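Chain IDs A, B and C follow the sequence of writing; residue 1 opens each chain.
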Amino acid sequence: MESGIDLQGSLIDLLTNFGLPSEVAKVVWMPLPMLLMLVVATVGVLVAVWLERKISAAAQQRIGPEYAGPLGSLQPVADGLKLLFKEDIIPNRADPWLFTIGPALVVIPVFLSYLIVPFGQNLVITDLGIGAFLWIALSSITPIGLLMSGYSSNNKYALLGGLRAAAQSISYEIPLALSVLAIVMMSNSLSTIDIVEQQSGYGILSWNVWRQPVGFIIFWVAALAETERLPFDLPEAEEELVAGYQTEYAGMKFALFYLGSYVNLVLSALLFAVFYLGGWSFPVPVEAIAGWLGLSEMSPWVQVVTASLGITMVLLKTYLLVFLAILLRWTVPRVRIDQLLNLGWKFLLPVSLANLLITAGLKLAFPVAFGG
Amino acid sequence: MLKFLKQVGDYAKESFQAAKYIGQGLSVTFDHMSRRPVTVQYPYEKLIPSERYRGRIHFEFDKCISCEVCVRVCPINLPVVDWEFNKEQKKKKLNHYSIDFGVCIFCGNCVEYCPTNCLSMTEEYELSAYDRHELNYDSVALGRLPEKVTLDPMVTPMREFAYLPKGVSDPHDLPKGSKRAGLRPEQILEQLEREQGDRDDAASDAEKN
Amino acid sequence: MNLAEGVQFVSFGILAATTIAAALGVVLLENIVYSAFLLGGVFISIAGMYLLLNADFVAAAQVLVYVGAINVLILFAIMLVNKTEVFQPMKNAWFRKGATALVCVGLFALLATMVRSTSWAVLDSVAPIESTAIRLGEHFFSDFLLPFELASVLLLISMIGAIVLARREFVPEETDAQREVVFRLPERPREPVGAIGESSSASENS
């Protein structure tokens, strides 16, 4: 595989040409991708919120947001601004410190997980050797924040919601991790870049969906439960718990929870696309197309086209999955807490274990198809 | 062992069935997405209330004979009729009349029983107020006529479902002159009269013979 | 000192400070919930230490296992049994505290001498490992096979034990003395539908 565009190298070269020492140039480079990723994540959330509202409206034969911006696309911005300017309320007899730290603890790990999300061969903040594992580890911090905000709100619904959220997210982490493990076993690496590399080659045919159909479904169910999307949104079930751990929150702290849940949804969809749908690869391998057209892969504009096609593909797959999540939200009724735990522990866990075992067996039997 | 295998098989079958049902549900939801929205964009579009719409009650002060039938038939004795006996005329003289629309349930009993038809239902339904005491309408407020939806230049009037042509469920962009399904009241009356005339003719024929 | 070393030094300082401060908070704070949350802080800053030592897999595992599982478990236990109870001031509490302090100081002294007596200079020559996960796996399945398997068997045993404890149907033995004070809902006892006529006729007879 070619190295593709090296933005970091180019920028550092540029800055050193201006007479800066190379170390300083590196320091100048470092925050740029992080800032870019923060902006991308936030804008991704805005798009996801808008999609959610529009698609929900369409599914219920409504129109949805209409007047703020073209097709109501500025509605999430307006909502965010409104929440930003609202009074920051800390309830009487609540624990002010924990109450404030809680939402931050929920949001920070989710944003940190964007470290490992690749949009292209070199379009990732860091290609960590433990990429997928880092995501699972970081997502396990979130329940602490939920418990913290649930406890500190001094409200029984908030506490119940926090406990439920923690129970749900630790029990669905296991099938999630096991289905990721099957993928990792096939690609011999935890790095998200390597996982996508392993799926390139034959275009759509070499994507992991075909090799891991069971893992595909388990991952999606578990990811929905992790992000507390609707069939599994018991922690904030309106009919039972008012709003769960968010009950006492208002203003920017509530906005953090809201942001966190949507960032988490987009992140899950992104990683789902990376793990199962070939990440940035086009359904037909780009190298093959370049070969047919008689173009050199190394020529600069082909590189630019390939990179932008990659980003488009990742986003397309991600928002397709977000769309699926929204559609599921209006299709499947909410499960009860015992049904939720039954599904997690008695169905998904054994099935994902069996999936892992079968994957290992297939890997030994057919090392060509399942990554030797 | 066989029993266990059968259990596992049944379980797997049930899981697949559940997945199938979820898929069916998804396809239903997906199908709904391609349908047109049925919503009425309220402040800009309004439904035309039907003929028998029970909206805010209209009251004609001069017709009222202070008989208090409206109070008797009201489920909660809501109308307040303040009258005094005029000894010269030997008649009741109405001083004030009021209905609190914060409490009224718009059942229409008062309108039904009013002997002089001084009460009537209007098509007005926008009764919101900042203070609930503002909903207590006195005889002056009750005497105001409501604005017609069709005459408001700000509003696009929409027909209600029962007033749409046959097979149409969306009130937007109706072709001009489209008629509702079924017969209009005057047509029904015409038909009834014609039938009556036929029957009369037949009866007179029978008498002749 | 170049830039990378400087960053490393500063982050080590911050991590060490937060570890010690959070650990002191765990021990000294009155509110047990604060202690539990600060314990999570200790675990996370220790994960940061692992990161500084180029052990990224261990760091992630530390976060996953200690913060994500153990700390949440502790919090669950605290929140499900958190009674607001006024504790009786114990007599001779100073003795307990003193004994604890003595043990802790002894342990600290032991570890400190161990730290001082170890020659750490060797570690400078160790090159950073490219993929820590692979090296860990190799060690687990070669020279550390026995401890690894023993640990997993131990975990399995504890898991089965937990399941057995949780599945035990706890039916207290009913004695006659207990039965009298049992409160019943003011409802007719449930009877099968066919028996209603018989029981009503029986009650009429009696």
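Here, contacts are C-beta pairs under 8 Å (C-beta built on N, C-alpha and C of every residue); 3 or more make two chains touch, one makes a residue touch a chain.
These numbers come from a predicted model, not from an experiment.
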Chain hops separating chain C from chain B, counting only touching neighbours: 2
Most remote chain, CA-based centroid, reference being chain B: C
Chain pair whose interface holds the most contacting C-beta pairs: A-C
Chain centroid nearest the full-protein CA centroid: A
Averaged-CA centre spacing for the pair chain C and chain B, given as whole angstrom: 64
Distance between the centres, which are taken as Cα means, of chain B and chain A, whole angstrom: 49
Centre distance in Å when chain A and chain C are each reduced to the mean of their C-alpha atoms: 28
Residues on chain C engaged by chain A in the complex (per definition of touch): 2-3, 33-34, 37, 40, 44, 56-57, 60-61, 63-64, 67-69, 71-72, 75-76, 79-80, 130-133
Touch list for chain A against partner chain B, complex: 55, 57-63, 66, 217, 327-328, 330-332, 347
Complex contact set, residues of chain B against chain A: 15, 19, 22, 25-26, 28-30, 32-33, 35-39, 41
Interfacial residue positions of chain A with respect to chain C in the complex: 23, 26-27, 98, 128-130, 133-134, 136-138, 140-141, 143-144, 147-148, 151, 159, 163, 166-167, 170, 173, 190
